[in-house]
Amino acid sequence: MPTAAPLDVTLETRLSGPEGPFTLDVGLKAMAGEFLVLTGPSGAGKTTLLRLIAGLARPGRGRVAMAGQVWCDTARGIDLPVRARSLGFVFQDYALFPNMTAAGQIGFALHDLPRRARRDRVAELLDLAGLSGLATAFPAQLSGGQRQRLALVRALARQPKLLLLDEPLSALDPDTRARLQDQLRRLHDLFGATTLMTSHETAEARRLADRVLRLEAGRLGAAPPPPPSLRLVRV
Amino acid sequence: MPTAAPLDVTLETRLSGPEGPFTLDVGLKAMAGEFLVLTGPSGAGKTTLLRLIAGLARPGRGRVAMAGQVWCDTARGIDLPVRARSLGFVFQDYALFPNMTAAGQIGFALHDLPRRARRDRVAELLDLAGLSGLATAFPAQLSGGQRQRLALVRALARQPKLLLLDEPLSALDPDTRARLQDQLRRLHDLFGATTLMTSHETAEARRLADRVLRLEAGRLGAAPPPPPSLRLVRV
Amino acid sequence: EDLVIGAGAGYRRPMAEAVAAWKAQSGDSVGEVYGNMGQVLGQARESGKMAMVCGDRAVLAKAEGLRFDRFLPLGTGKLVVAFRKGESLQDPAELAAERIAKVGIPDAKSAIYGKAGRQYLDRSGLAAKVDPKLVTVATVPQVTAYLISGDVDAGFLNITDAIGAGADLGGWVAVDPGLYPPIEISCGVLDASAEGFAAFLTTPAAQKILQHYGL
Amino acid sequence: MEALAAVLGDPALAFPLRLSLRIAVATLCLHATLGVALGWALSKRRWPGRSLLDIAVTLPMVFPPIVLGFGLLMLLGRHGLGGWIETGFGAGLIFSEAGVLLASVLVGLPLVVKPVEAAIAALPANLAEAARTLGHGEIPIFARVILPNVAGALGAGLLMATARSLGEVGVTLMLGGNILGRTNTISLEIYNAVTVGEFRRALVLSAALGLFSTLVLIVLRRRAPAP
Amino acid sequence: MEALAAVLGDPALAFPLRLSLRIAVATLCLHATLGVALGWALSKRRWPGRSLLDIAVTLPMVFPPIVLGFGLLMLLGRHGLGGWIETGFGAGLIFSEAGVLLASVLVGLPLVVKPVEAAIAALPANLAEAARTLGHGEIPIFARVILPNVAGALGAGLLMATARSLGEVGVTLMLGGNILGRTNTISLEIYNAVTVGEFRRALVLSAALGLFSTLVLIVLRRRAPAP
C-alpha cells in the first residue's frame, strides 16, 4: 500500500472581496493520507486556496510541497506545471468537457492506460457514480447531480496523491451523497491520498474529516463548534 | 396584500435516464401562496418539471394553469410565452450573464421600473444577498456562493406570482444559508408567491416547506420519513 | 524550362490560335499568359521567365526594366464604335446624335484604344458634342460589359473585342483609320528561346490566322 | 522620398481617399446591422429557407470579384432591374457611389455573418432562457444578452469584413465604373497604377493604404474586447 | 443549351477544373492546420510579437488582390528572394502550381484565423484547467478539448476561406501567371472569359463553378456541426 508524504503549504496572495481587498495568508500542513475539510463563509478564499495549491493560479509568494516534492517555491523560482503534479481536482462548476460523453471524460483522464484496461476502469468508475446507463450521454444531457458525480469520478480516476475537492457533494441527493461520502472515505483510506475538500456542511465536514479547518477572510483557524443555526434543524 | 390563485399542473413527457427511457407523469396542485419543496433522487426529473412549468420546455401533453390563467394547454393549443408568465426561476447552474455586473443583472430584471426606483431596489436586493461591495463585479469574479445568491435575488426581483427554485441554496455556507432560508420564507409569506423549490436536503425541505413532495422516476409521491443515512450524522 | 509568352488580353484569340498551330507543328510546350498590358509587363519583368511579350508597340517600348532584343510586327489594331442592342449606328459620327446619351471610352492612360478614341473625337470635330456624354472607365472589357448591360449606348472598342462579344452587342462600325494614330501591334523578343515561335509568326499560315481576327 | 512627396501631394488623391473613408464607414454600419441580423437568423436551426439564405450569403465569395461584378451588372444594369430601379428611385446604381457601396457591403458581408452565426450557436442556451424568465422579449434579449456575449466574434467578423471591403476592386470596378473623381476608391487607384505600370505610384499608395488600414484595424480590435 | 454543351465539352476545361479541385483540397488542409495554429497563438493574450503577427495575418486583406500579388511577385521574383528560393529548393514559386497554392492559402488564411481566435478566447478557462489537472500537456488539451469545442467557429472559418480561395484571381494571376494548361484555375478561366468579352462562356463557367462550390459548401457545413 503506497503512502503519501505530507502536504506543506505557505502562501500569500491579494484578493478582493465584498468588503474590499484582503490578503489570503495561509500556512497549512497535512499528514500523509490525512483527510482535511476546509469550511468558511462564502468568499473567504477557499476555492482560491485550492487553485493555488494545484498550480492553476500563481501565488504572490509562497511555497507548496507534496510528498517530498516541491511543486512551487516563489523564492527559488520553482513552479511545476499542473500536469506534473499528482493531483485530482473537482471544480465547483464541474468543468465537464461539452464535447465528450460521460465515458469519454473518464477515459480522457486515463490516457496512460492501455485501451482494454482503460475501458474496464471507465466502466467501473461509471458504475461507482451510478452513471452506467449514461455512458454515452453528453454533459448537456445530464442532470445537475449526474454532472457533479461525473466530475468526481473523473478526478478520482488517476488515483492522485493529492485530491482537491471544491464542494463535490453539495448538489447530490441524500442517498447518493451518503453513498459517495462512504465511497470517498473508503477510497481515501485505501490509497492513502491526502485530501483537501471544501464544504459548507459542518456535519458532513465532521463526518468525513480527520481535521476540520475554517478559513475566514483569508486566514485559517480551527473550526468552531457547530453554529446555532444548525441546532435549529429538525431532523 | 395580493393573493395568488392556485397552481394546477398535469404533465406527461418522455425522458431518458440512466436505466433507460421513462415517462415524467405528474399531477400537481398548490394552494395560493403555498411553499412546496420537491425532493427525489438525482435524475428523477425535478429540473425538467420546473422547466415545463416555466414554459422553457414543451411538454408531450398536459396543462399548466396559475392564478386562474392558463399558461399552457396542449389540448387547446395554448402556450403562453415565458415572458408573459409571472414567474421567477433560479437555475441549477445560475445562468448569470457574463457581460453584466452584479448590479446590472438585477437591474435587467427590473426593466419596468423608472431609473431611480430601479437603482434603489437594486441596492436593496444586493444588500439582501450580501453583495453590496461587489455591485460592479462580473460573474467570473464572484465565488460560487456569491453567484448563487446573485441568481436568487435576481429571480426574486420582479416579485413573481410563482417562484421556481432549482436547488437555490445548495452551495451556500451555513450562515448565509440560514439567513437566506429565513429571508426566502419571509418574502414568501409577505407577497404570497406560490413557491416550488427542489432540494436534496430533507431537513431544509421540512423546515421551509408547507408540503414536501418526492419525485421518483418521473412520478410524484409524498415524502417518506428521513432516510437512515441522515440519522447517522453527528451534529 | 518551358517557353512562356505573354500578350495583351485583347489579342488572346489570334495569339492562342497561332500558339496552338505552333505547338502542333513543333511539338514544343508553350505557356501563354494573357492580361492587362501593365500587369503582363510587370510579370515579365519580375519573373524573368517570359521570352516574348506581344501588344501595342508604344507600350512595349516604354516598359520599364525590360530589354527587348527585337520587335516583330504583327499588324495594326483597329478601333471601332460599338453600340448596345436596341441601338443602331451607320457611322461613328452618329455619336453626336441626340438619342445617344452615354458613350463609354477606356481611360487613355491605361488603354491604347482609349487614346485612339480620344484622338478620333478631337480630329473628327465630334469632341464638343460627345465629350459631355463620355463615361471614362479603366479598361476595354469594361466598355464591352456596359454595352451588354445597356448602361452605355455606344463605346470605343478594339475590333477583336467587338468580334468576341458578337451577338450580345447591337453591332459595330469601324472608325476611319486616318482619324487616329496607327496602333502598331508587335511582339517583343526577350529571350532567344522565343525565336522559333517568332519565326513561325512570319509564315503565311500564321499570318492567315492573324488576319482572320482583324490584324 | 521625392517620389513619395510627389504622389502624396497629388491633388487627385484627395478624392479617392475621402471616398474610401466614406464607403468604409457606411459599410461598417451596414455590416454591423445586416451581419448581426443575418447571423442571428442563420443561428436558429431549422426554418424554411434557412439553407437558401445561407447559400445566398456565402456563394458570392466563390466567384472572382470581377465576375461577380459582371453578374451584378447584368442583373442591375439597364437591361436588367436597373431601368426599373431608376424609374422607381430616380437614381441608378451603376456608375454611382451607391454601386461602390453595394460592392463593398456584398463582399464583406459573409465575413460578419458566419462568425456571428457560429458564436450565437455556441452560447449556452440558458442565458436566453434566464432572460425570458425575467420578462424580456426576444429583441431586448438579443440586444442585451446575446449580442454582448458574442462581441468577440462580431469584432473579428467586422475586422475581416472591413479589411476585405477596403481591398475590394473587382466588383467596385464593374458597378462603380472606376470613374476618376466619382467612383475611384483608393484601392482602385492602386489597381489602376499597377495595371498602367506605374509601380512606384502603386507602392507609395499601397504604403498609405496599409498605414491607414492598420489604424482602422487597431481601432476595431480595441472596440471589441472578448466579453 | 447549345452554348452550354459547347463550353462544357471544351477539353480545355478539364485542366482548370482538376487544378482548382487539387488546389482547393491542398488549401483546405493548410488552412485547417495553419489557421488553427495561428488562431490559437493569437488567442493567448500578451506575448511579444502578438500584435505584429495579428497585423501580418490580417493586413494582406486590405490590398486589392492584384496589388498584393504584384507585391509578392516583387518579393519572390528574381529581384527578390526568388533566386535564393530556387537555388535552395530546386524549384521556384513563380508561374508554378506552388504559386497558385500560395495565393490561395494566403487570401483565405485570415478568414480561418480570426473566428478560431475569437472562439478560443470565449471558451471558459476552466476546461483547459480541468484537463491540466487530469495530467495532460498543452498539445493534447488543444487537440481534444479546445479544438472540438470551437468546431463551429472553425467550420465557419474554413467555409469562408474555401469560398474565398475558390474565387481568388488577383494574386493567383500574378504569382501563378494565369498560364493556360498550367496555372489557370477555373476562376481564372472565368476571369479570362470576362476580360476578353466572352460573356456567354463566362456565364456557363460561372454556373459550373457555382454548382461545384455549392456542393463543397454543403459538405463543409455538414462536417462542422455546433458542438
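Letters A, B, C, D and E name the chains as they come in the text, with residue numbers starting at 1 for each one.
Keep this in mind: a contact is a pair of C-beta atoms (placed from the backbone, for glycine too) under 8 Å apart; a residue touches a chain by one contact, two chains touch by 3 or more.
Just so you know, these numbers come straight off a predicted model, no measurement behind them.
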Self-check item: Intersection of the contact lists for chain A and chain D
Solution: B, E
Quiz item: Which chains, if any, touch chain B and chain D both?
Solution: none
Quiz item: In terms of CA centroid distance, which chain is the most far removed from chain B?
Solution: C
Quiz item: Can you name the chain that lies farthest from chain A, using the mean of each chain's Cα atoms as its centre?
Solution: C
Exercise. Using the touch rule from the top, work out which pair, C-E or A-E, shares more C-beta pairs.
Key: C-E
Self-check item: Fitting chain A to chain B on CA atoms, where both chains share a sequence, rotation angle to nearest 5 degrees
Solution: 180
Quiz item: Once you find the CA centre of chain A and the CA centre of chain E, what distance in Å lies between them?
Solution: 46
Quiz prompt | Distance from chain E to chain B - Cα centre to Cα centre, in angstrom | solution = 51
Practice problem: Return the distance between the CA-based centres of chain D and chain E, expressed in whole Å. | Solution: 19
Quiz prompt | Computed distance of Cα centres, chain C from chain A, in Å | solution = 79
Quiz prompt | Residues of chain C engaged with two or more neighbouring chains | solution = 36, 39, 42, 139, 145, 148
Quiz item: Which chain A residues reach two or more other chains?
Solution: 93
Quiz item: For chain D, what residues touch not just one other chain but two or more?
Solution: 70, 188, 194-195, 199, 227
Quiz item: Which two-chain combinations touch?
Solution: A-B, A-E, B-D, C-D, C-E, D-E
Practice problem: Within their complex, state which residues of chain E touch chain D. | Solution: 54-55, 58-59, 61-68, 70-71, 110-111, 114-115, 117-119, 121-122, 150, 152-153, 155-157, 159-160, 163-164, 166-170, 187-188, 190-191, 194-195, 199, 202, 206, 209-210, 213-214, 217, 221, 226-227
Self-check item: For the chain E and chain C complex, residues of the former touching the latter
Solution: 66, 70, 73-74, 77-80, 82, 94-95, 173-174, 177-182, 192, 194-200
Quiz prompt | Complex contact set, residues of chain A against chain E | solution = 54, 56, 81-83, 87-89, 91, 93, 95-100, 108-109, 111-112, 154-155, 157-158
Quiz item: For the complex, which residues does chain E have touching chain A?
Solution: 124, 126-127, 129-137, 140, 144-145, 148-149, 151, 227
Quiz item: Inside the complex, what are the residues of chain B that reach chain A?
Solution: 16-20, 39-43, 46-47, 92-93, 130-134, 141, 143-146, 149, 166-167, 170-178, 200-204, 206-207, 226-227, 229-235
